[in-house]
Amino acid sequence: METMSYRDALAESMHDALANHSNTVIFGQGVDDFKGTFGTTLGLAEKFGAHRVMDTPISEEGITGICVGAALNGLRPIHIHIRADFVFLALNQILNMAAKYKYMFGGHYNVPIFIRAVIGRSWGQGAQHSQSPQALFSHFPGLKVIMPSNAQSILESYRYLLSDYHGPVVSLEHRLMYDIQFDVDRANLRTGEQAIASYLAREGKDITIVATSIMVLEAVRVAKYLAEYGIDCEIIDVNSTTDIDQQLLLQSLEKTGRLLVADTSWVSYGVAAEINRLVLEHNPHLLKVPSKSLGMAPTPCPTAKVMEDMYYPNLAQFAQAIIAMVGASEGDIPLPNERSMSDVYKKFRGPF
Amino acid sequence: METMSYRDALAESMHDALANHSNTVIFGQGVDDFKGTFGTTLGLAEKFGAHRVMDTPISEEGITGICVGAALNGLRPIHIHIRADFVFLALNQILNMAAKYKYMFGGHYNVPIFIRAVIGRSWGQGAQHSQSPQALFSHFPGLKVIMPSNAQSILESYRYLLSDYHGPVVSLEHRLMYDIQFDVDRANLRTGEQAIASYLAREGKDITIVATSIMVLEAVRVAKYLAEYGIDCEIIDVNSTTDIDQQLLLQSLEKTGRLLVADTSWVSYGVAAEINRLVLEHNPHLLKVPSKSLGMAPTPCPTAKVMEDMYYPNLAQFAQAIIAMVGASEGDIPLPNERSMSDVYKKFRGPF
Amino acid sequence: MNSRWNYRDLYYQALRIRMVEEEIIKIYSSDKVQSPVHLSIGQEAVAVGLCAVLTEQDMLFSTYRSHAFYLAKGGDLKQMMAELFGRLDGCCSGKGGSMHLSFPQVGFMGTSAVVASGIPNAVGAAFAEKMLGRGNLTLAVFGDGATEEGVYHESLNFASLHRLPIIFICENNQFAVHSRQHERQSYSLRKHVEAYAIETHHISQGFDFCEVASAFSDICNDFKESPRPIFIEVDTCRYMEHVGTGEDFYGGYRSAAEQAEWKRQDPLIKDEALKAELAPQIAIEINESIAFAEASPLPSYADVLKHVL
Amino acid sequence: MNSRWNYRDLYYQALRIRMVEEEIIKIYSSDKVQSPVHLSIGQEAVAVGLCAVLTEQDMLFSTYRSHAFYLAKGGDLKQMMAELFGRLDGCCSGKGGSMHLSFPQVGFMGTSAVVASGIPNAVGAAFAEKMLGRGNLTLAVFGDGATEEGVYHESLNFASLHRLPIIFICENNQFAVHSRQHERQSYSLRKHVEAYAIETHHISQGFDFCEVASAFSDICNDFKESPRPIFIEVDTCRYMEHVGTGEDFYGGYRSAAEQAEWKRQDPLIKDEALKAELAPQIAIEINESIAFAEASPLPSYADVLKHVL
């Protein structure tokens, strides 16, 4: 099977969007420079022209508004932010304009803008370069939010959303995955709305792990680890936080009776909260044990590596939570002793 | 007992903050005009001086940043927005700066800024003048978010937060409550952190209604209505969405076994989600029936009154949900037939 | 009066807008229109004069103070009235209301109730227009207060940097709600814009639709020779309060005398003869639009749920 | 060189900053500093010249490119090093890192890694200073790129409107990451600021700390006579890449020749004699600061949870 990095899947998706749709344009700080948005827009300005792949002033709100207006007049803009934290400057245009333009005017318009924003720890990012705002966006009707966890997901969801979907989209891409190689099955790329649907990333019978973005990879790692000790984890990749497949979730929980949500953001008012609501509104007796949630510590992100390592959940905590939930005794199962997720994934070293 | 309108409680709190703390200042568009922020800042510029009660340019992000800087240098700014939707322009300063300034610099600073923002339906507000962003703010560590549901709560929480608390606060005030008269018990104003704590607004044994802001009043109305039919509702006023009292919640649910969350915003990724998480993470067997959530329809807000009335939950839907949950048969209990919440509360008519 | 423009036609347009809004005032107390209304009474000549020069393909983005530009640009009156009445036949199916009118068929591209938010949208539409090699004009219409928002700075900068085919129209009524311009702005509007290397123009006779049309027509002719960002400040005067149906001086922040000079020159007040001649026909049209609105069905819950994604 | 300033003292300051950053480059590959670093090498004279004029009570807000201003303003080197090493004795207990230094004892009020975000904070501090009747200066330091953000416009307007005692310092290194100024800005910096009725100054010799100090001292004397917003553009040159420890021309967006003119005039390069004389003592201090940092305890999970509210 073909393998492909997350980065290359992004680069291919950007290329194809420009190649297949003459009305696609890419906006973003540095999209045309020699680093090319962590390598995902390299060479595109040269190939498709500076008017289609444009460096922008440092004006997030303005450029977002410009993307909205361009979309109203026939373009399909992609707007890239090297950090999701910077999108906070553009929230008025996203929440008050893009998410509502179609509705407010009774369906006269579509606003096909696609916002790519990078999330995730990498290298001492600190409080202002580390946030993961999927819950924020997902609370507001009118947006689609995706959190692809592998190269296949990128190929599928970007192809669909950049070609056949016509509303505003926010895609949150995890920085630590850029260099990771994934299997890609081109013959079986999911299409249409299926391209962003939640799916079973692993079948199991003891516990359901519902995960987003890189936490899906973590879930797979912990599942593999625990499988050796007889614990069988089922994993649901949420994929789109605005389009969670409730049926899939409930079916899985009917089987396992145990729910652990692993998300890249804070737990409170986050994906874990929403998943728990979906469960409890459906059936109050589905779970055998209390659900658990893994996410960032309830603080802004500290910069020091040693604190970062405690701030983000690691494999040991992940395993520990599962072991406690399935009722195995910890004594019997040694905990993995990795210090830090980023040590595992990271091929790159500083600065970003 | 003394009675007092929500508006007058706000006006008194603004007055007292200026009178008791020479470093308190009020910023906001129109705070010094003849309407005085729906009557809550009337006369204050005249009494305390234009330098302390200042009209501002239409620059939400800038003024918020100015409040943060003023707070770092000894002031206690209050910043007022006549609509919470306008705060979306200032989210960078709130989320990336105010919420993190203390943490990011290892505790060197406090940022005592107090943001007042008006939420809630009133008069055909439409998609951009109707949002209720408590979930958005509450997801980010570093902020306190309050949603006072009566005059007593205003007096208590504003006194505490404007005098003895030193971090950033967002207070969401519901427009429909401004004209409502409430009992106020000055001898028993809660103080300190208790001033923003969740509390039992009504005792009951059949169902727990967890509510925010005006939904507390709706809950009280529905409880009174259903009491005549033998249904006994317990009501928890969340009061602060960042400081939900989990103990109170769980104790109540141990008694009632039924959970209905009634919030002023969208259900997904909202207060209902967070409450369900708190329950399910604690005890998966607490509820006898599935929980339910009431909030805005999953769309932007339509303007037409007839759609608004369907967009917001009304008393009949509220009662219906409870009746279904307690297992009474609807045939036995007639549903109240009010068309619209705003018809009940509204003393004012347009424009806002 | 300028002979290039048919005074009578433009007068008709302006009077029609005023009479529509006067009718709104009249019926407002009946609660048939249950949403905030920001009236343009006193400012109609700006919309009429500008739109006289535009085609239906030219795109215009404006604000919550939407009625005048909607009608001047060619938006359907019946559908506007139905929109204000919250009916299904409204130009936005009742979802927009007075603050959010739109009529894409004639290039009336939408109005935002968040100050200044439509400005970058107009810049973006102009960007698309240029990139797609089409030649229509894009207009961003906004008030003096909108220039205080950061996004205005960002929009001017981008438009100039890429020499986009856009015309910024600032309707300067000197007020934002109840605040006067000098209490809010340290800059003079046009000097500030010129710092972005954007050409500016000033139309001071905002009460005179023919003057506005003439001046704007000259600018547009030049613009078509050489498409580029242009900024036009049009002085005007709001007669009514910021939002709602009252006069604009009852709050004490403004005197009636201040408006008197404007009113003295206002053709819709001055030219009583033409008004008397044209009004009856307009009144019929307005009545028909109200009848249309009232006959239009109310939206259902299924309608609430439509148009989200 | 200007005799009002002790060349040797300022040279020492500037050299110290450069050597600290050169040391950071040296140790960066060891991964002891695990966070992005934005170096000021080439720009030190700006910080040194300006801060020479300031007192510890004067407040300065700056950016992620923080080392030079932190040290020039009097921030403790040991605590800075410990901060970069992520230790408990860091000036921000390890929570800030290179992008978020702060040392309130000397008026170094914080640095934001979100472009332009600190500018309104400085304006707010100046507002408080004026309202509380105190007389210290407030400085907002930012790069040329920051002027593209909307909040810059809003900050200038407010500062001018209220005649606040604030000095805006734009360190113009002509780059934002890899983009040149003319690719991003349609305005000339000072002409644009003047549109807000804010007085502007230009210091073109940003490599010369004595010149910077002299010019700034004159401005400050005048400022103290009549506190008001003032804008100063200081030309400077970044020698290293935007973020990280590489040279600034390896990416091809910039040639080494472009920097040569600056380097030719840079006292820290030119005056080898003085450098040789002062460097050993500075090296000792730097070594001590590293030893201090390495000896400092690592934060615990309890520390992670502190300082949130």
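The chains carry the letters A, B, C and D, assigned in the order they are written, with residues numbered from 1 in each.
Keep this in mind: contacts are C-beta pairs under 8 Å (C-beta built on N, C-alpha and C of every residue); 3 or more make two chains touch, one makes a residue touch a chain.
Please read these numbers as outputs of a predicted model, since none were measured by experiment.
Student: Determine the set of chains touching chain C that also touch chain D.
Tutor: Shared contacts of chain C and chain D: A, B.
Student: Counting only C-alpha atoms to place each centre, which chain is farthest from chain A?
Tutor: Result for the farthest chain: C.
Student: What is the distance, in whole Å, between the centres of chain A and chain C, each centre taken as the mean of its C-alpha atoms?
Tutor: So the centre of chain A lies 42 Å away from the centre of chain C.
Student: Please report how many Å separate the Cα centroid of chain A from that of chain D, as a whole number.
Tutor: A distance of 35 Å separates the two centres.
Student: Give, as an integer number of Å, the spacing between the C-alpha centres of chain B and chain A.
Tutor: 31
Student: Got the chain B residues that touch at least 2 other chains?
Tutor: Correct list: 56-57, 59, 61-62, 85, 88-89, 92, 96, 103-104, 126-128, 141-142, 298-300, 302.
Student: Find every residue in chain D that makes contact with two or more other chains and list them.
Tutor: 90, 94-96, 100, 112, 114, 148-151, 153-154, 157, 161, 183-185, 307-308
Student: If you connect every pair of chains that touch, what shape comes out? Choose line, ring, star, complete or other.
Tutor: Per interface graph, the chains form a complete graph.
Student: Chain D touches which residues of chain A in the complex?
Tutor: Chain A reaches chain D through residues 29-30, 33-35, 55-62, 85-86, 88-89, 123-129, 297-300, 302-307, 310-311, 349-352.
Student: Per the contact definition, I'd like the list of chain B residues that touch chain D in the complex.
Tutor: 23, 25, 51-52, 56-57, 59, 61-75, 77, 92-93, 96-97, 101-109, 141-142, 144, 167
Student: Under the touch definition given earlier, write down the residues of chain D that touch chain B in their complex.
Tutor: The touching residues are 59, 61, 90-96, 100, 102, 104, 109-110, 112, 114, 117, 119-129, 131-132, 138, 150-151, 153-155, 157-158, 161, 306-309.
Student: For the complex, which residues does chain D have touching chain C?
Tutor: Answer in residue numbers: 148-154, 156-157, 160-161, 183-188, 191-192, 194-198.
Student: Under the touch definition given earlier, write down the residues of chain D that touch chain A in their complex.
Tutor: On the chain D side, the touching residues are 28, 31, 33-37, 85-87, 90, 94-100, 112-116, 145-146, 148-150, 176-179, 183-185, 243-245, 251-253, 298-301, 303-305, 307-308.
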